[in-house]
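Quick one: structure below, then a few questions.
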Amino acid sequence: MTLFGYRIPMMASLLVWCVMWEIVGRLNLVFLLPPFSEVLAAAVDLVQTPSWQKATVTTLRAFAMGMALSIVIGVPLGILMGRIKIADDLLGMWVNIFSSAPLSAIVPVLMILFGFGEKTIVAAVFLFAIWIIVLDTRAGVRHISPSLIEMARSYGASRPALYTKIILWAALPEILAGIRLGLIRGVKGVVIGQLLVAIVGYGALFETFSRNFRMAEFWALTIILFAFALVIAELIERAEAKVEYYAGARQ
Amino acid sequence: GDMRIAFGDLPGIESIQTLAAIERAKERGVNVELIVLNDEDLAAQAIVGGQADVGIGAPYTLIQKAGVPIRVFAQISTLRFFPVVNSEFYKEWKDLDGQDVAVQARGSGTEAVMLLMAKNQGIKLGNISYVPGSEVRRNALLQGTLKASIVDAANRRALEAEAPGKFIVLPVEDLGASDEALFATADYLKNNAADVDILVEELMKTAREITENPAVAVEFRNKYKLLPDLGAEADGEITEYYKETAAAGSLALNGGGADAAADDFAFFSLAGQIEGDPASLKVADFWDVAAIDRAVAKLGKK
Amino acid sequence: MAPSIRTDGEAAGLAPASSRGTTGAWWEEPVVLRLVSIAAFAAIWEVAGRIPVSFAFPTFSDTMVAFFELLADGSLASAYLSTLQPLVLGVVLSAFLGVGLGTICGLWRTGEWLLIPVFIVLQAAPVAAFIPMVTFVYGIGMTAKTLAVIILALPVIVLNTYKAVRNVNQSLLVMCRSFLGTPWQTVAKIILPDASPVIFAGLRLGVAAGFVGVVLAELLITPTGIGDLITFHRSRADYAEMYATIASIIALSTLTLVFLQWVEARVFRPEKRGA
Amino acid sequence: MRATALRNGPSPVPARIDSIVEVRGISKTYGNVEALRGIDLDFPRGKLTSLLGPSGCGKTTLLKIIAGLIKADGGTVAINGKRVSAPGPERAFVFQDFALMPWATVLRNVAFGLELRGTSRAEREEIARRYIAEVGLAGFEDKYPHELSGGMRQRVGLARALSVDADVLLLDEPFSAVDEQNRRKFQEDLIRLRTNRNKTFIFVTHSIEEAVYISDRIVLLSPRPGRVSRIIEPEIDRSGDPERIHRDRHYLDTVDEIWQGLKQYVE
Amino acid sequence: MRATALRNGPSPVPARIDSIVEVRGISKTYGNVEALRGIDLDFPRGKLTSLLGPSGCGKTTLLKIIAGLIKADGGTVAINGKRVSAPGPERAFVFQDFALMPWATVLRNVAFGLELRGTSRAEREEIARRYIAEVGLAGFEDKYPHELSGGMRQRVGLARALSVDADVLLLDEPFSAVDEQNRRKFQEDLIRLRTNRNKTFIFVTHSIEEAVYISDRIVLLSPRPGRVSRIIEPEIDRSGDPERIHRDRHYLDTVDEIWQGLKQYVE
C-alpha cells in the first residue's frame, strides 16, 4: 500500500484498527470494549503485578519446555519419516491425523496421564506443536533435490556425513518454517491447556479477568499474548529469510 | 507434610474463607499446594487418580460410583443459591414449566437445586444448559441471552444493583445441603491425620470468626494477599457477601458430620444424583467424621 | 511482505497415499501398513489401559464397547446433531465470507492493507482465550458457538484465498491481457480457476479449524452436544464413554478431512497442475 | 564478399519498405536499471525479424512494449501506422513458458483468445481445430497441457496465437523450454509456416544459429542499456529443403560473425 | 566418401584400444519400464564419448549405473579392469542441475569432494582455488551459488569434479540449464580442457551439434528399451581454432546423418 507516494508497511493498518477501537471504546458501544488507551494503561500496570510476573514465568517455562521437547523429538522424527519409507507409512497416518484434529478434545485426557502440574501443560504444548514440525521437516527432507544426495554419494559421503552435511542443511528452511508454525501452535496449546485443565498462569488470569469483568486487564493480557506469539513468529521468520537467502538457488 | 488441594473452579470471593484457612494451615507447617482445575469433576477425578490429596466439592455421585473409597471429611458451607428469572418473561416457578434454564455444571449443586425445586413445584424444566461461573450467568442474564438461571449470593446482589426490578428471585426452601466440602481418599485420611486435623481446625476457626464478624473476611484477604487480581474494589463485595452468608448461617461451624450427611442424602437423592433410599444410605460409606470429631473436641462445639 | 504471507498449516495437508509400483512385498502395501499401524495403536492403548496407567484410563476394548453402546442408545447421534449445527453453519458462513474477503484482499490493495494484518493476527493468536468472552455478548446458544467456529475458521480461509489470488500465475494474467481479456474475464476465467486448488485447500483447513472451534465452544461455552457427553460421563466416572466420545470427534474430523482431500485430489488433480 | 547486408544507425526511410510495426525512440527504465534507450526500429510486413543480444539486454522488455504489455517511458509504437499503447487484436503473443491454462483442454486453450472476444462456441472451436491441425497436434484436442511434452505445449501456444488471426506474432524465446531435437523440428515447421502465411513474426532468441536459421532480419541489441547495435539481413535461400540451410556458406558466415560480436559479453 | 567410422554390433576387441571403462551386458528395468537392455560398451581412455539418443532412452540411467549411483539389474561395469558397483574415487559426476549446496560458498562447494575424503582444510581449499581459477571463476570463491548465473554454476560443478582428481568424468547434460551463448563458450572451454588433461569424459547430451562438436566418439542409443544402435567416431581435427569446426565438412555431414536417424523419434 502506498499513500502519497510513500510505502506504508502492511502491519501499519493495525494502528488504524487501534484508533477505531479507541473510538468505539470511548463511545461506550460495547461494554466489553474499553478504550484502547485504557487497555494500554492497564497493560503497563499489569506487567508490574507479581501475579502477572508469576503467571508469565509459569507459562513461559511450560511453553519453553514443551517446545524444546517437540523440536528435539519432532525434527529427527520428520527426518526419519522423510528418509525411511516404512517409518513414514507407519507413522504418517497418525501425524496427519493429529496435525489437523481438534486436539483440544484430548487435553482433558492429558491430565489423566500427566497429572495437574506443569507436566500437563508441557504435554499440551508438545501435542499442539510437534505434528507440524514433523510434517514440515518431512516435507523438507522429501523436497531435497535427489541430485544433491546423489552428489554426496558420488563423492563418497558416509551416512553420518550425508545427514549432517547435506540433509539437515538442505531441509533447514522447511524445518524452520515448521518450528515457526509449531511455536504459534504451541502458544495456543499453552493457553488451551491452562484454560481447559488446570487453571494456572495465563489461563488463570484470563478466567479471573473475564469472570470479574476486568475488561481492560483482559484485553491487556490478550494483547501481550498476541504480541508474544507474533514476535516469536517474526523472529523465526527472520532466521528463515536468512536461510532462504542462502537457499536462493533452490529452483 | 505435603498436601495437594484441588479446587474445582476458579477461586472467587466465596473462597476467602477456605483460602484463609489454607494459609493458616501453611503457617502451622502443612505444605499446601493449591491446584485450580477447570471443573469439579476434574477435582474429584484428581483425588481418585492420586494426583491431588484433598478435593473441594460435593462428590456424592462419584463416591457412589468410583471403585476407590473416597470420604468427605468436613463441610465448608451449605448451599445458598438463588434461582433468578427475567421478570419480562417469568414471574414464578410455574412459569418455568418446559422452559430452558442454565446452571453451573452437570451434577453440580445448582443443577440439584433446580431439579429439586422443579420436582417440589410439580413442573418439568426444559433444556438445561451448563454455564460455568455465576458471574457468567449473571452477565448473560443482564445481556438478555439467558432468561432463567441460578446464581450465588454475590451475583444475585449484583443483579439487583445493576438492573433493579428487572429480575425476580424465586423462592427456595431451606436446603441445608453441602455446597462445598472437603474430601479425600480413606487411605490419605488415615495416613495423614495430623495434616488433615490442622486443616479442619483452621477451617472451623475461620468459619467461626467470619460468622462472628464478617468484616474479618477482608482482613484475611489483606493479610494473606488473597485474590490479588480482583483489585481493591472487591473488598466491598466481600464484606457484603460474608455478611449475608453469616446471617444465613451457611458456613459450617462444626464441620458438618452425620447431620450434614443426612441432609445431603435427602437432597442429592431427591435431585437424582445418588441412588437408593436416603434412609438406607450409610454415613460411613460417604463420610469420615474422625477429623471433625477431633477438631470439635479441641475447639469446642458451637 | 504481502505475497510471502504464509498460513498456518500449509504443510498440514494429509499427504495423499502415494502411488507406487505394482511389485513389492506385503509389508510395502500401504493398506497393510496402515492396518498394522492402527493395530499397533490399539494394542498400546489396550495394554496401557490394562496396566492401568490410571483408573480413569479405560482399555481400548472397553472404549470400543462404550462407543457402540453410545451409538446404539442414540446419545451419540443426538449429541452430534447438536454439535454439528453450529459447525456446519459456521463453516458455510466462513467459506462464503472467507473466499469473498480473501478474493477482495487479493485483488484490491487497500483491502489487503486494511484486513490482512487483522487475519494474520487472528490466525497466529491463541483465540481460545477469547472464546469465553463470546458468551458474554452472544449468550450460550447457537450464535455464540457459530461465532466460535467462525473465529477459528475464517482467518485460514481468508488468508489462503488471498494468498492464492495474490500468487496467481503471472504469465497467465499477462496472457489474458495480451488476448484482450477484460478485468472481469481475467477474474472469472483466470484468477479464480487458477486459485481454486489453494482456495479449496484453505477451505479444508477451515473445516479442520471449525472442528477445533466447535470443540472449544463445547468445552468453554456450554456443553450441549459432545461436550455434554464428555462432561456427563466424566461426572459419572464412566471413563470409557468419555474416551469413546473424544475418540469419535477426532475420528469424525479426520474422516471429514480425508474425504475433502479425496474430493480435492479428484477435482483438482494437484499432481498434474504443475504443468 | 560478405553476403549479408549490414546496416548501422538510423532505420531506413520508411517509404522504401512496407513496415507493419514502427518503433520510435522507445526507452524504458526499471527503478535504476536502464533497460532500453532510444530504440528506433521498423519491422517489415510478412518477414521474420529476430531480436538477439546478451542476457538482460532488454529483448523481452522491447517485445512486451510492442505487445502493449509494458508501458514505455518514452517513445511510440505504431502498428499499421496507428499508435498503440495497449494490447490489440492485430498482435498475438507466444510465451516463453507457454502460459497455458492447466485446467483447460488443448481445444479450449487454443480457442481462448476467441473465447475472450465473445466468439460463439461452435465457431471458435472450429477455428481452433483447424489451427491445432496446422501445428501438427490433430488428435490431441481433448488432452490437458500436463499430458503433452514441452514441444507440444509450445505448439498449443502457437496455435492459440494463430487462431486470433493477428497480423503480427510476437514470440519470446518460444523454444527455450523445448528440448534440442524437438526444437530443431519446430524451427523447420516455423520456416514452413511463415512461407505459407503472410504473417509478420518478431522473435526473441538467445541462439545465434536459430536466429540466423529462421530470420529474414536480425536485430542485434547491445547490453544494458539496450540499444540497436546492428541489423543483419542474412540473405539465405529458404525455399528448398530446410536442412540445406545448415550448410549454407552465408548461414555459417553470419553465425560466426554474430558470435564474434557477442562473445565479448559472455561472462 | 564418408569421413566417419561407423560400427554396428558388438564392441571391438578390447585389446586393440585401451578402455578405461568397460560396460558388459547392463540391463535395467524400472517397475515395468525396461530402460536398458544388454548394453556392451567400452570407453577409451583419454577420450570424450557422448551418449546421444531420444528422450527417455536411458542415457541418464546408463551414466548413473557407471557412476555406481544406480544398481543395474544385470551386467557389470569395470573401471581400469576392476569391477565396481558403488561410487568410487576414480569417477566424478557433473550434474545436469549442478547439485550445488546453496548454503555453501563456491569455495566450499568445490572443495566438498575433498572435504568428504577428510583432506585438511588448508590443503583442500588450496586445491579448490586452483580449479576454480582453471574453470575461469577466480574471484568468485566467496560467492554463493544463487549469486551466479547458470553457466557459472555449472563451472563450479565442473571444478568440483576436477578437484577430486578422478580419471573419469561423467557429465549428464551439463549444459542443458545454461543459456545458448554461455553454452557455446563452455563447449569451447571443454574442448580445451580435454586436450590439456588426460581425463576420460563420458558425456550425455540431447544436442546433436554439441555431441559432434566435442566428442571423439558418439554412442547412439535406440529408444526404450535403450540399446546401442550405432557408434560414430567423428574424425574431426580439433587441434586448431574451435570455431573452425562448425564449418568442417565432416562435422556437418555427421550432424546431418545423426539428425536423419533420430528425426523419426521426435514426436
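A, B, C, D and E are the chain letters, set down in written order, and residue numbers restart from 1 in every chain.
Here is the rule we go by: a contact is a pair of C-beta atoms (placed from the backbone, for glycine too) under 8 Å apart; a residue touches a chain by one contact, two chains touch by 3 or more.
Computed from a predicted model, the values in this text were never measured in an experiment.
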Each chain counted as touching chain A and chain B at once
C
Hop distance check: chain B to chain D, minimum number of steps through touching chains?
2
Counting C-beta pairs in contact, which comes out ahead: B-C or A-C?
A-C
Distance between the centres, which are taken as Cα means, of chain E and chain A, whole angstrom:
48
Using the average of all C-alpha atoms in each chain as its centre, how far is it in Å between chain D and chain E?
34
Report the inter-centroid distance (CA atoms only) between chain C and chain E in whole Å.
51
So which stretches of chain C touch two or more other chains?
54, 56, 132, 136-137, 234
Where in chain B do residues touch two or more other chains at once?
42, 45, 49, 136, 139
The residues of chain C that touch chain A in their complex are 1-2, 6, 8-12, 14-15, 27-28, 30, 33-34, 36-38, 40-41, 53-54, 56-57, 109-110, 112-118, 120-121, 124-130, 132-133, 136-137, 205, 208, 211-212, 214-216, 219-220, 226, 230, 234, 243, 246, 249-250, 253-254, 257
In the complex formed with chain C, which residues of chain A make contact?
1, 8-14, 16-17, 30, 32, 85-86, 89-94, 96-97, 99-106, 108-109, 112-113, 131-132, 135-136, 139, 174, 177-178, 181, 184-185, 187-188, 190-192, 195-196, 202-203, 206-207, 210, 218, 221-222, 225-226, 229-230, 233
List the residues on chain E that touch chain D in their complex, please.
54-55, 149, 151-152, 179-182, 184-185, 205-210, 243, 246-247, 252, 255-256, 259, 262-263, 265-267
Within their complex, state which residues of chain B touch chain C.
39-42, 45, 48-49, 61-62, 65-68, 102, 105-107, 129-131, 136, 139-140, 143-146
Help me check something: in the complex, which residues belonging to chain A touch chain B?
49-51, 108, 111-112, 115-117, 195-200, 204-205, 207-209, 211-214, 217
